[in-house]
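Two complexes come next, and they have one chain in common, chain A, joined by chain B in the first and chain C in the second.
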Partner chain A sequence: MKTIETRRLPDLAQALSAAGYCVVAPIEEGGVVRFREWAPGLAIAPGAVPANSSKDFLFPRSEVVARFALEPGGFSPAPVERSAVKTVVLCARPCDAAALTALDAVFNWDYRDGAYNARRQAMTVVSLACSKADEHCFCTSVGGAPDGVAGADAILRPADGGQLLVLDELTEKGRALAQAAAGTLSEGPAALDAPAVLPRRFDSEAVGRWLAANFESPFWKEAALACLGCGACAYACPVCHCFDLQDETDHAECRRLRNWDSCGFGLFTLHASGHNPRPDQSARWRQRVMHKFSIYPQKFKTLACTGCGRCSRLCQAGMAIAATCERIEALGR
Partner chain B sequence: MNDDLYKPFLMRIETARDEAPDVRTFRLKFAEETERAEFFQRYRVGMFGLYGVPGEGESTFCVASPPTRDGYIECTFRKVGRVTQALQELEAGQAITFRGPYGNHFPIEDWKGRDLLFIAGGIALPPMRSVIWNILDRRAEFGKVTVLYGARTAADLVYKDELADWAARPDVTLVTTVDPGGQTPDWKGKVGFVPAVLKELAPSAQNCVAVLCGPPIMIKLTLPVLAGLGFSAKDIYTTLENRMKCGVGKCGRCNVGSVYVCKDGPVFTLEDISRLPAGDM
Partner chain C sequence: MKALREAAEKLLREKRVSLVIGYEDRKGRPAFFAAKPEDCGRLAYDASCRQNLAAYLGKPEIRARLPVAVVAPPAVLRSIVVLTAESQLPPGQVLALAVDGDSFLGTFDAAGVAELLRAKYSTLAPEPALLERVQGLLQKSPAERAAFWEAEFSKCTRCYACRAACPGCYCSRCIVEKNAPQWISTAALGHGNYTWSVMRAFHQSGRCTLCGACEAACPQGLPLMLLNAVLDREALEEFGSRPGYDPEAKPLIGSWSADDDHSYMR
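Right after this comes the complex of A and B.
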């Protein structure tokens, strides 16, 4: 088995950095663990579910998609540089890795999104199996597992009571990474720790069946009452990908930006005429649940939720999509 | 295919003309021949584009000219929001950004040999005008062509010169109407709401396809009249509109239930629409 001591994760990051990878890892700052770019001297916090998801490095929250030089009475197009840096996400959660395959579906639905795909191709995902889960985790209800390998190029499995990590390469990219980091890896035996035990909370197929038949239901009004429409759930979600295009200008230049957006916002679907097909929070919460558990599976044969629990960890109003799904499953019985 | 999905073409305004209060038409020329050729390879009537002004953003509306006229495209739009306001201030010679064509199209190849009834209200004639010109440019392939067009007032009718051309053609039946009070002293058309005028006109549903575009209230009140005339839901076509940003099925806002207006639409039959959740429209 290829192993590395857990405390030596920064050495692994250093070796990968030396091999030309931009290393992204869970790093604590101000008491919050977030995925961010690693730099020498930074500790890696493998235990926590980072507040943000690894989608940030594929689908940045703001990105220039077109650029124009502004001139009196007009404009002329200016070039946009496409950057796709060779990146490794180290210690991604299995729910983060699984989310990438869901994102691939929408960004390649007939029209291939070049900027997304360039970053995706340049990205290697090394997930870290979970040996514990909290009350917000529900990957086992949405087809995942604490030691799931979907979307991962390699997986680190905790062993010897968390002292050691065992590296399994899963793809060509994973093998290339292991080769690049060979100097920090040892060969030897290890006793794998048991993955977290996470009982399934709901049956996502049953939820999907109820949703397909219950667009109109009094349930939606009541289910969304607490929602403040802040959009935090969408921003933290590893699969949410809705975006806005906005122009930003200074005197000389216009940058057309793709910015994250959220179906929870009132302006999201507002027509210029004033009509809004989703005029209240219940219509917006319904869209969020429908998109993840009914529309996405119908279109792409995959859920748009991987059970990471970030949305409910963050929600200041106590909304939890897993609890909503449990209630929906009960309604369908 | 270009995978820079949000990078627009540059289009030059060849002519700009006012159609009605706050309604303007541009004839747009492609800056590059390759872009023109690629556009017309894909373009079919009913598809839409995103028209933009750097600094203001992009706005979605139909292409109002047919693929049978492939040296340019035309668009007709009303000043409603920030982008259409900025577009309206532009004149011939200036440039805009454009992306498209996107979406599905009217299946006019399936309509060969059939009669066609076009019913439009106000600013909804432009999406239909591309179909009408497409049909008239290939006139022999289709049956009778009837156009019923209504607006609030005579001034609100768009394409006034073209309406005169269609009225003069022996192979087109054109009926124009304005809402009561909207007529001018020299108004020669009908006075009345579209559903009532349609009832009076009573076109045969036999081997006929109806295309219906207009404000929601007009559509709502016209559909029962069409049903009464014997039109079936699969022979009534309309277009849906929703706020869009990407136009290519990614940005996540134009869906009605599981149907994406940008990719599955904007053209739908009444039968298609009856399966959509009304609460999402």
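Right after this comes the complex of A and C.
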């Protein structure tokens, strides 16, 4: 088995960095663990579910998708630099890796998204199996597992009571990465730790069936009462991918920006006429749940939720999507 | 807690309110909406309750259900007075179930809230820990402070959880969302982020009750209370403004007087 001591994760990051990868890893700063670019000297915090998801490195929160140079009497399109740096996400959670299937589907649906796909091709995902889960985790209710490999190029599995990590390559990209890091890996036996035990909380298919038939249910009004309409949940979600195009101009050029958007915002899908098909917070919360558990599976044969629990961990108002699904399943019985 | 639950239950039973907005008796103390007397057994309050429930009073779905009661520790009581002073609460439509630490202080209307605050909390000052954080920051050089804020603002994703958390942020269309003309860049990047957070704090100057809900809501852990606390001090020292005590007081940033200090205009 290929192994590395857990405390030597920074050495692994160093080796990959030396091999030309931009290394993204969970790093603590000011009490918040976040996926961010690793640099020598930074400790890696493998235990936590970072506040942000690894989608940030495929679909950044703001990016310029078009430029127009302003000239006397008009403007002309200017080139946009499309940079896709060879990147590795180290210690992604299995629920981050699993999100890639859902993201790939939408970014290659009726239009192949150049920016997304370029980054996707340049990205290697090394997930870290979870030996513990918290009360917000629910991957097992949405088809995942604490040691699931979906979407990952390689997986690190804790062994010897967390002292060691065993690396399993799963794809070509994973094998290339293992080769690049060969100097930091050892060959030898290890006793794999048991993955986290996480009982299934709800049946996502039953939830989907109820949703498909209950768009107008009074349930939504009451279920969304606490929602304050911010974007914390959507922005933390590894699958949420709605965006808003904005043109911003200064004296020299106009930039067309693609910014993250959230169905929680009152401005979401507000038409220029003033009409909004989702006029209140209950319609917007319904959109969030429907999109993840009914519309997405119908369209792409995959859920748009991987059970990472980030939205519920972060929500200031205590909105919890798994609890909503449990209630929905009960309504359908 | 028994007294709080009983008072809430009584309001619903006597149909004086249609909804009690409180904190639920479970981990994280999330917001809880009691619509029936029997729901009130699920209410709880303790120091871990970070949300400012007065933020719900601006939400159309809640306004459609007035009259309502709100579980309110001192900072939230002040928010209710601020909203009253700014004509945001229909008279007589909001009751406060005042709490502080382990005690339930009673049920109050807007005038009663102001009286309670003056009688019991007139010397309410920012928490010492917060003032210490502010002092630490102010001891830095301007260049160090700029670098500090640049690093902090770079984390902002523009999720607007800070805005959603604040009872003072009740505009139906926030200036950050206006694009004809556009005032603040929408990109979640340095310059726009800087403007966003500073603008948010400025719009709260003389209105912020230092409840801490915005900072607690920020998923990225931005130290927003440092901005709020400095502006709170400026509002007090420069204009004698103590928001949230006088329901008749004109809001500091919404009023103008010929006697104001205009020396900055040259």
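In the analysis below, the second predicted complex is superposed on the first by the 333 of 333 C-alpha atoms of A that agree within 3 Å, B and C clash if a C-alpha of one lies under 4 Å from a C-alpha of the other, contacts with A are read in each partner's own complex, and residues count from 1 in each chain.
Convention: contacts are C-beta pairs under 8 Å (C-beta built on N, C-alpha and C of every residue); 3 or more make two chains touch, one makes a residue touch a chain.
Source: prediction; values computed, not measured.
With both structures placed on the common chain, the touch criterion links A:295 to chain B but leaves chain C unconnected. In the superposition on chain A, A:246 makes contact with both chain B and chain C. When both complexes are overlaid on chain A, the residue A:73 reaches chain B alone and has no touch with chain C.
When the shared chain is aligned, chain B comes close enough to touch A:278, but chain C does not.
Once chain A of one complex is fitted onto chain A of the other, the partner contacts of A:109 are limited to chain B, with no touch recorded for chain C. In the superposition on chain A, contact is made by A:31 with chain C only, not with chain B. Shared contact residues of chain A with chain B and chain C: 244, 246.
The touching residues of chain A, counted against chain C in their complex, run 30-32, 34, 51-52, 61-62, 135, 221-222, 224-226, 228-232, 234-236, 244, 246, 248, 257, 259-260, 262, 265-267, 280-282, 314-319.
Residues 1-8, 10, 52, 54-59, 80-81, 84, 94-95, 97, 241-243, 245-246, 248-258, 263, 277, 279-281 of chain B touch chain A in their complex. Contact residues of chain A toward chain B in the complex are 65-66, 68, 70, 73-75, 77, 80, 82, 106-107, 109-115, 117, 215-216, 241-247, 249, 254, 256, 258, 261, 263, 268-273, 277-278, 283, 287, 290-291, 294-295, 298-299. Across the interface of their complex, chain A is touched by residues 24, 27-33, 50-51, 55-56, 59-62, 155, 157-161, 163-165, 172, 177, 179, 182, 185-189, 213, 216-217, 219-221, 223 of chain C.
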